[in-house]
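Got some structures for you, see below.
Paired with chain B in one complex and with chain C in the other, chain A is shared by the two complexes that follow.
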Partner chain A sequence: MKVLTLNFLTCAVKTCKASSDSFPLHPKDAELASDDVELNPQLLVNLLPRIDWNALRTTSTELGFPQLPEQPPTAEELQADEKMLKDLHTLLMETQLMEGKLVCGHCGHEYAVREGIANFLLPSHLV
Partner chain B sequence: MAASSTIPSALPSSSAADDVAKLTATAAATEEAEARAEAYERTHVHGVYEAIAPHFSATRYKPWPAVASFLRAQPPGAVGFDVGCGNGKYLGLNPTVFMVGSDRSPSLIALARSRTKQLQRHQGSKARDQADGAAWEGTGGEGGGGAGPSEVIVADGLSLPFRECAADFVICVAVIHHMSTRARRQEAIRQLLQCVKAGEAGQPGGQVLVYVWALEQSSSRRGWDEGGEQDLLVPWVLKSQQSQQAKAPKETRDQDTAGAAASNKSGEEPPASGGAAAAGLDATQSGAAIGQADPVFQRYYHLYRKGELEEDVLAAGGIVVSSGYERDNWWVVATNEPLGHGQPEAEI
Partner chain C sequence: MLPTPCTSHVPYTRVYEPAEDSFLLLDTLSSKSETDFLASRFPPVSSSPPPLTLEIGPGSGVVLAFLTAHAQTLFSRRDILTLGIDVNGFACSATAATVAKAVATTEQQQARHQQQNHADGKDDGAGIFLGAVQGDLAGAVRPGAVDVLVFNPPYVPTAEMPAVLPPPAPASTTTMPPQEEETAFERDSRLLALSYAGGRDGMETTARLIEALPEVLSDRGCAYLLLCAQNKPEQVKERIRALPGGGAGGWRAETVGTSGKQAGWEKLQIVRIWRDS
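The block that comes next holds the complex of A and B.
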C-alpha cells in the first residue's frame, strides 16, 4: 500500500469517523518496500491540493522519513523544486507498506496489512 | 426460461426483511433482520465471489463504455474510489487520476493487486500493450500515457474506511444489487455520497456513479421484465477447463473468455444456465446435470425496477444529476446537496 493511499483512509468503525483521532491511521510494525515508479511531476502537482498535508506529515514522521515542512508547497513552488518533487514522489508513490498494522487512534482497532493489502473488514461486534 | 430461482419465503427476501423492519419498528427486530440479511449475503454473495474469484475475474475485463467515459471525464489529479472494484478493471484506466478500489472479497482484491502492479510496471513502456496480454485488453492503455496510479484494499461497502468528503468521484458498478434489503441498499448509497466532496458556491460537489442490474431486460434471453420478481438467486456455473472444452460453444460462451466479446459487453451477465442450474438453492453445489460435476453457485440479486435507483438516491440524502438505462442496467450519477442548502443528516 502506498503512503499516498494512507492519506485517504480512516477507521471503518462508524462511531470513529467523527473523531479527529481516527485520521490518519498509525502504522505499526511496518515493513516497507520501495517500488520503482516513473516520476510524473504533473500528477504530483495536481494531486497536491487533495492531500491532507498535516496527516501526511504525521505519517511521514511515523514511518521514519525526514520531517516535512509545516506548510505544503504551492503548485508553483513544487513545480520548480526538483528535490521536493523527487522526495514527495519517493514518499507518496514509491514507498509501499507491505506488512504490518494500521491502528486507529480513537478505538485502537488494528487493521492488518499483508502482502501490501490492507484489510478493513470488521469483526461483527464492531460493525 | 429464466436462469434464476425465486427465493422461497423462508429466506430473507428484500420484501420480507423490509416488512419486518416496517411492522415491528423495535431496535431488536431491526437488528435481527440486519443480522439475517448479513448472514444471507455472506452465503449468497460474499462466499460465492470468494469461491468463483479467478473464474469470475477471467470473464470481467471489458470496461463498460459509459463507465469508461465517466472516468476519462475526470480532471487531472482527481482522486476517486471504486467501491466493489472486483478484479480492478477500472483502476488505472484514466492515467491522470489516482484511484483506490475496495472490495469485500480478499480473493478478488489479490487478483486486482497483481493486475494493477503489472499495469504500473508497464507504465510508459511501449511494450505494455502486448505484454498485458489479451486478458486485460482495453483497460489502462487506451489513449496512451499508460496506467494511472491506483491502490486496492479489502473493505465492506457498508463499513467503508474512506476519509469523508475526500474524493472527487466514486464509482460503484454492479454492487448494490447484491444487498438484500432496501435499507442496506440505501445505506450503501449514503456511504458512497459521504466519500465525495461537498459542493460549494460556484463549485459542484463530487459525483457518484452507480450501476445496478435492471428488472426490465425484455431484450435479453433471461426473460425478466416489468412486474416480475425482483429478488432472485442467479446461478454461476463454475466450469472446469475440461468440461468447458467439452461443451457446445453456444452454451459456454458467456463464461468463455475467448468468446466473451459477443456476450459479455454488459460486463455483468450471469452464465447461461442449462436449466438444471436453476433448481438448487444451495450455494455450494447443485449442478450435477451440467457437465460432470460443475459446481453451481447461487448469487443473490435485487433487480431494480425503473425509477427505483433514483428513489434510493433521494432516500440516501443525495440528488440525482443524471440517470439512464444501458444494456440491462439502470445507472445514476448522484451528488450531495450543495453546502448551505441543509446537509443530509448522517444518522447511522
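The block that comes next holds the complex of A and C.
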C-alpha cells in the first residue's frame, strides 16, 4: 500500500476513535519498496488540500524521509518548488509499505503488514 | 463501452468470482446518470479536492479496478484516490493485482493514443490506487474521509453467519478434546461464505454498514449499495432516509440501477445514498 494510505487509516478499535493519538498509525520495522511513477506536478497540487499535513509530516519523519516544512506549501509555492515536488512525489506516489507493523499510539495495538497488505481484523476480545 | 478488467489470475476457490451483481455495479457506475452525478458532486476544479473512493469487499477487484482505471471517464477527473477493504486476505492480493493490470492497460492505450496523435479520440486516464487492506467494513478508515463508498455485500439470506476469523488455536493445557485446526478447504469455504452469506434477510452485514454511514462518509460523500429482493429494498431505503446527521436536506436513497427483467429469485438493484447539501 502507498504511504499516502496512512493519511486515511486509523486504529480499528472503537474506543480509540475519539483519541487524537490513534491517528496517524506509526510504522514499525517498515520495509519499503519504490514504484517508478512519472512525476505529475498538477496531480500533487490537486492532492494538497486532501492531505492531513501534520499526519503526513509525522509519517514522513518516522519512515526516514526528508523533514517536511511545518506548514503545507500553497499551490503556487509547490508548483515553483522543484525539490518539494520531487520529495512529495517520491513519498506519496512512489513509496509502498510492504512489510512491518502499524502501531496505534493510543492502545498500542500492532497491525501486521505483509506483502503490502495491512491486516486490521481485530482479535475477538478487541471487537 | 468500457472494457471489463481482466481477473484471470484470481483464485476462485477462495475469492468471489465476478457475477451478475458485479456487472450490474459496472453498468450502473458507468451509466450517464451516475457519471453526471459524480461529475457534478466532485467537479474537477481547485475548490473540490480529489474524492476518496472506498470499495468494501472488492473480492476479485473487478469493480475497484474499473473505477480506478477509467477515472477520467467515470469521474470526469483522474486525480481520484481508490482504496479496497476486504475481510479476505486473498481477495486483497487479488484486488491489488486486478487494479494494477487494469491501470497498466489504460496507460498503454493512452500512450498509443498520443503516439498516433488522435486528438479526436476520447481521453481516459487512471486514478491513484492507494492499496487493498484487510479489515471489517470501514472500521479502520478515518471518520468522515470517504467520498464515494461502493459495497456489493454478502446479501443472500442464510441461517447462520460465517466467522470472520478462523477458530482459535487449540490450547494445549486444557483437558478438553483438542479443537481441530481449520484445514485449507474449511478456510476457503469460510472465505467464500463470507462473500455471500448475509444472515437474516441477507441484511446482517449490510445493516452494520448502513448504521456506520453517517460516521464514514464525508459531508459530500455518497454510497452505492447493492441489494437483492430478499433484502426488502423499500424498507432498507426508508431506514437509510431516517439515519441521523442528514442535515437540512436529509439522507437520500434512490434506486439507480436494476438487473431489469431477468427477474429470478435474485433480483438485484443498486441504491445510491447521499445527502443534499
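What to note about this one:
As a convention for this text, the second predicted complex is superposed on the first by the 127 of 127 C-alpha atoms of A that agree within 3 Å, B and C clash if a C-alpha of one lies under 4 Å from a C-alpha of the other, contacts with A are read in each partner's own complex, and residues count from 1 in each chain.
The rule is simple: a residue touches a chain if its C-beta (ideal position, glycine included) is under 8 Å from a C-beta of that chain, and two chains touch if they have at least 3 such contacts.
Values in this document were obtained by computation on a predicted structure and should not be read as measured data.
With both structures placed on the common chain, the touch criterion links A:F120 to chain B and to chain C. When the shared chain is aligned, no partner comes close enough to touch A:L32: not chain B, not chain C. In the superposition on chain A, contact is made by A:T10 with both chain B and chain C.
Applying the stated contact rule after C-alpha superposition, one finds that A:L63 touches neither chain B nor chain C. Applying the stated contact rule after C-alpha superposition, one finds that A:L78 touches neither chain B nor chain C.
In the superposition on chain A, A:M93 contacts both chain B and chain C. By the touch criterion stated above, A:L43 is placed in contact with chain B and with chain C alike.
In the superposition on chain A, A:C107 contacts neither chain B nor chain C. Taken together, the two complexes place residues 1-2, 4-5, 8-12, 14, 17, 23, 43, 46-47, 49-50, 93, 111, 115-122, 127 of chain A in contact with chain B and also with chain C. On the chain B side of its complex with chain A, the touching residues are 38, 75-79, 81, 96, 98, 100, 102, 104, 106, 109-110, 113, 120, 123-124, 149, 151-156, 158-164, 166-168, 348. Those residues of chain C that touch chain A in the shared complex are 46, 49-50, 52, 79, 81, 83, 85, 87, 89, 92-93, 96, 128-136, 139-143, 145, 164-165. By the touch rule above, chain A contacts chain B in their complex via residues 1-2, 4-5, 7-14, 17, 23, 35, 37-38, 42-43, 45-50, 52, 93, 111, 115-122, 127. Listed in rising order, the residues of chain A touching chain C in the complex are 1-2, 4-5, 8-12, 14, 17, 23, 43, 46-47, 49-50, 75, 93, 96, 111, 115-124, 127.
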